[in-house]
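In what follows, a single structure is set out as structure tokens and then discussed.
Lettered A, B, C, D, E, F, G, H, I, J, K and L in written order, each chain numbered from 1.
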Amino acid sequence: MVVKVIELVGTSPNNWTEAVDEAVMEASKTLDHILGVEVTNFTANIDDGRIAEYKADVKVAFHVH
Amino acid sequence: MVVKVIELVGTSPNNWTEAVDEAVMEASKTLDHILGVEVTNFTANIDDGRIAEYKADVKVAFHVH
Amino acid sequence: MVVKVIELVGTSPNNWTEAVDEAVMEASKTLDHILGVEVTNFTANIDDGRIAEYKADVKVAFHVH
Amino acid sequence: MVVKVIELVGTSPNNWTEAVDEAVMEASKTLDHILGVEVTNFTANIDDGRIAEYKADVKVAFHVH
Amino acid sequence: MVVKVIELVGTSPNNWTEAVDEAVMEASKTLDHILGVEVTNFTANIDDGRIAEYKADVKVAFHVH
Amino acid sequence: MVVKVIELVGTSPNNWTEAVDEAVMEASKTLDHILGVEVTNFTANIDDGRIAEYKADVKVAFHVH
Amino acid sequence: MVVKVIELVGTSPNNWTEAVDEAVMEASKTLDHILGVEVTNFTANIDDGRIAEYKADVKVAFHVH
Amino acid sequence: MVVKVIELVGTSPNNWTEAVDEAVMEASKTLDHILGVEVTNFTANIDDGRIAEYKADVKVAFHVH
Amino acid sequence: MVVKVIELVGTSPNNWTEAVDEAVMEASKTLDHILGVEVTNFTANIDDGRIAEYKADVKVAFHVH
Amino acid sequence: MVVKVIELVGTSPNNWTEAVDEAVMEASKTLDHILGVEVTNFTANIDDGRIAEYKADVKVAFHVH
Amino acid sequence: MVVKVIELVGTSPNNWTEAVDEAVMEASKTLDHILGVEVTNFTANIDDGRIAEYKADVKVAFHVH
Amino acid sequence: MVVKVIELVGTSPNNWTEAVDEAVMEASKTLDHILGVEVTNFTANIDDGRIAEYKADVKVAFHVH
């Protein structure tokens, strides 16, 4: 059993949890066997003194059958 | 005054904040003087393309009176 | 165009997202051109076995026009 | 000449060297020009007080034609 | 479910794998639910120009009931 | 919007800037929406007391439509 | 003698050296006694498959007389 | 022979050396076979513009005979 | 309550503790609400085979009203 | 008593343990008082889809009597 | 085959590439079999608001035949 | 001007400052142009519940003529 790890950045206008969810959903479109994620960085873009976009750097691990 | 630091991993089906809370509650069962926590890692297990378990690595500091 | 980066610690009694928001709001009082933030550390103070104060170390980037 | 680096996790019931070998073998099924590997993490799953699965995080570098 | 992580250093006159095994065996004397290990450092003592003692820094994770 | 990050190593006989450029050009052959790069390591091969090949480890971020 | 360290990000359309220079020039507008710089990160924005903006994270040290 | 490592924070109103000593003394109350320490962090609390409490994060290694 | 963190380098001809004190004293000239410090680096200049100047990199945290 | 630390890279066609041994043996040709080693990196060169050369980055500590 | 790694700091009034070259040239005066370099840090001294000396921390690897 | 950096470990029965001094004195026996030091690690051996030997990992920089 070999696992492959890829790095994605998910984004959300609302919060970091949604940003991670978005990355997981994008990955699950093309990958069947996702095992887990690790969030390695939490950033955000600011617009007009408010957070406009939450961004989460996410490592996604999945089975290479 | 000496402080001791231990490392726990809290888990939750819902989000990372609950995962940290769980680790704090578990620690407070046996430790009277918890001062604070530091979250050092945010991971999650994925099942069927969705996050099934949020996990938070937590360093817990408490007084050794 | 030069960007300056400063380091703040935001706090909130409720959660880390509010702690980051508070740091952004404080920064936006005196800085016009905030571009983004990076959260580098998540900690909390514990009181009586419960999280009493969430703290987020935040790097804030803004334009020096 | 450009080199690409991917991250795999090899596993073995016997030892970490076999876990690395497995990752290299899996990679060589689809990649012709593997140059080298770097092992970045050594972990293991424990079952009944014994190591049941050795796991090696491996960065694999290969030529992009 | 909460996991606790402790840090041990296993030693062996023969090799690092045995050094990790020794740490796992020592931990399993008093802990029922060991989940896994991570080896964070590989060192050795040298005597008379030869490795006399292999040492492995090992993080051991186990269930807290 | 999800961003994917891959790791390349660009090389050049002349300097590190060209090494980074080469990695960007290689990536742009197959990727339409490259956003940016981060150079994480600067190395070089030496031949006969002179730098014969500059190498730049480059993280390339691009949109996954 | 006390030294203060601030963090800037310089940018240039041409190369990283100019990006560092720009940060130093911006700093020298308001600071008389700059001692030195350390470049901690090299990034770039890509537009249409080419580097459009070189960015250098720079720590600037100066005397607080 | 297995070594266990724990993390303490020693404090002193006078200096960091005393802060480390305090951590060692506290550890030696309950542990017979302390081998050594590593100081991983030096911090201090400030009161009224002066250092009121020196704090040393200390990793303590001891034999588990 | 928001905390700001700045980075100073204190120096002393005698020892590192004095170097940290100097940084704290300099900071307290202009800042009313210093909370604490973290020493992140210990260096020294050598002259004629002896330490001529002790230098301490210090992160200083203070309340922003 | 002063200890000096040098950095070597040992290689072996067979495994990483032999690669470390080779570095220790090379060091012991010219150094009488080697105390110990730390392995800081595990890499390998791949040839034809198989590991052709195991490489271990080794820090070697020895007495300067 | 054993490789030794030493650490040099090259300097140049013009740019970092020359600073690295200078370190390589100095090393090649006494070492026959230099294999490669890694640049681990980029700093500069500032004089009168301009970079007066570029400095590159360089790890140099060479064969110990 | 090229600078070389070596790594020493100084020891002292009394404190870490003396441990650093010892490393500097040992280095100055054979090196004429020592510029400075950086202390990268503070450890100690414990005997009978007391610190018996303070150890300081020291990077020493000196001119290569």
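By our rule, a contact is a pair of C-beta atoms (placed from the backbone, for glycine too) under 8 Å apart; a residue touches a chain by one contact, two chains touch by 3 or more.
Computed from a prediction, not measured in an experiment: that's the story for all the values here.
**Student:** If we look at chain B and chain L, which chains touch each of them?
**Tutor:** H
**Student:** Expressed in steps between touching chains, what is the minimal separation of chain E and chain J?
**Tutor:** Steps on the shortest route: 1.
**Student:** With centres defined as the mean of C-alpha atoms, identify the chain lying farthest from chain G.
**Tutor:** Farthest chain from chain G, going by C-alpha centroids: E.
**Student:** Between A-D and H-L, which chain pair shares more contacting C-beta pairs?
**Tutor:** The greater number of contacts lies at H-L.
**Student:** Just give me the whole-number Å value for how far the CA centre of chain J lies from that of chain K.
**Tutor:** Centre separation, chain J to chain K: 23 Å.
**Student:** Rounded to a whole Å, what is the gap between the Cα centroids of chain B and chain G?
**Tutor:** Spacing between the chain centres: roughly 39 Å.
**Student:** In whole angstrom, how far does the Cα centroid of chain D sit from the Cα centroid of chain K?
**Tutor:** So the centre of chain D lies 33 Å away from the centre of chain K.
**Student:** Among the residues of chain C, pick out those that touch two or more other chains and give their numbers.
**Tutor:** Chain C, residues with two or more chain partners: 6.
**Student:** Please give all chain pairs that are in touch with each other.
**Tutor:** The complete list of chain pairs in contact reads A-B, A-C, A-D, A-F, B-C, B-E, B-H, C-G, C-I, D-E, D-F, D-J, E-H, E-J, F-G, F-K, G-I, G-K, H-I, H-L, I-L, J-K, J-L, K-L.
**Student:** Going by the contact rule at the top, pick out the chain E residues touching chain D in the complex.
**Tutor:** Residues of chain E touching chain D: 17, 20-21, 24-25, 28, 34-39.
**Student:** Using the touch rule from the top, collect the residues of chain I that touch chain C in their complex.
**Tutor:** Per the touch definition, chain I meets chain C at residues 1-6, 61, 64.
**Student:** Any idea which chain L residues touch chain H in the complex?
**Tutor:** Residues 15-16, 41-46, 49-51 of chain L touch chain H in their complex.
**Student:** Which stretch or stretches of chain L touch chain J in the complex?
**Tutor:** 6-11, 22-23, 26, 57
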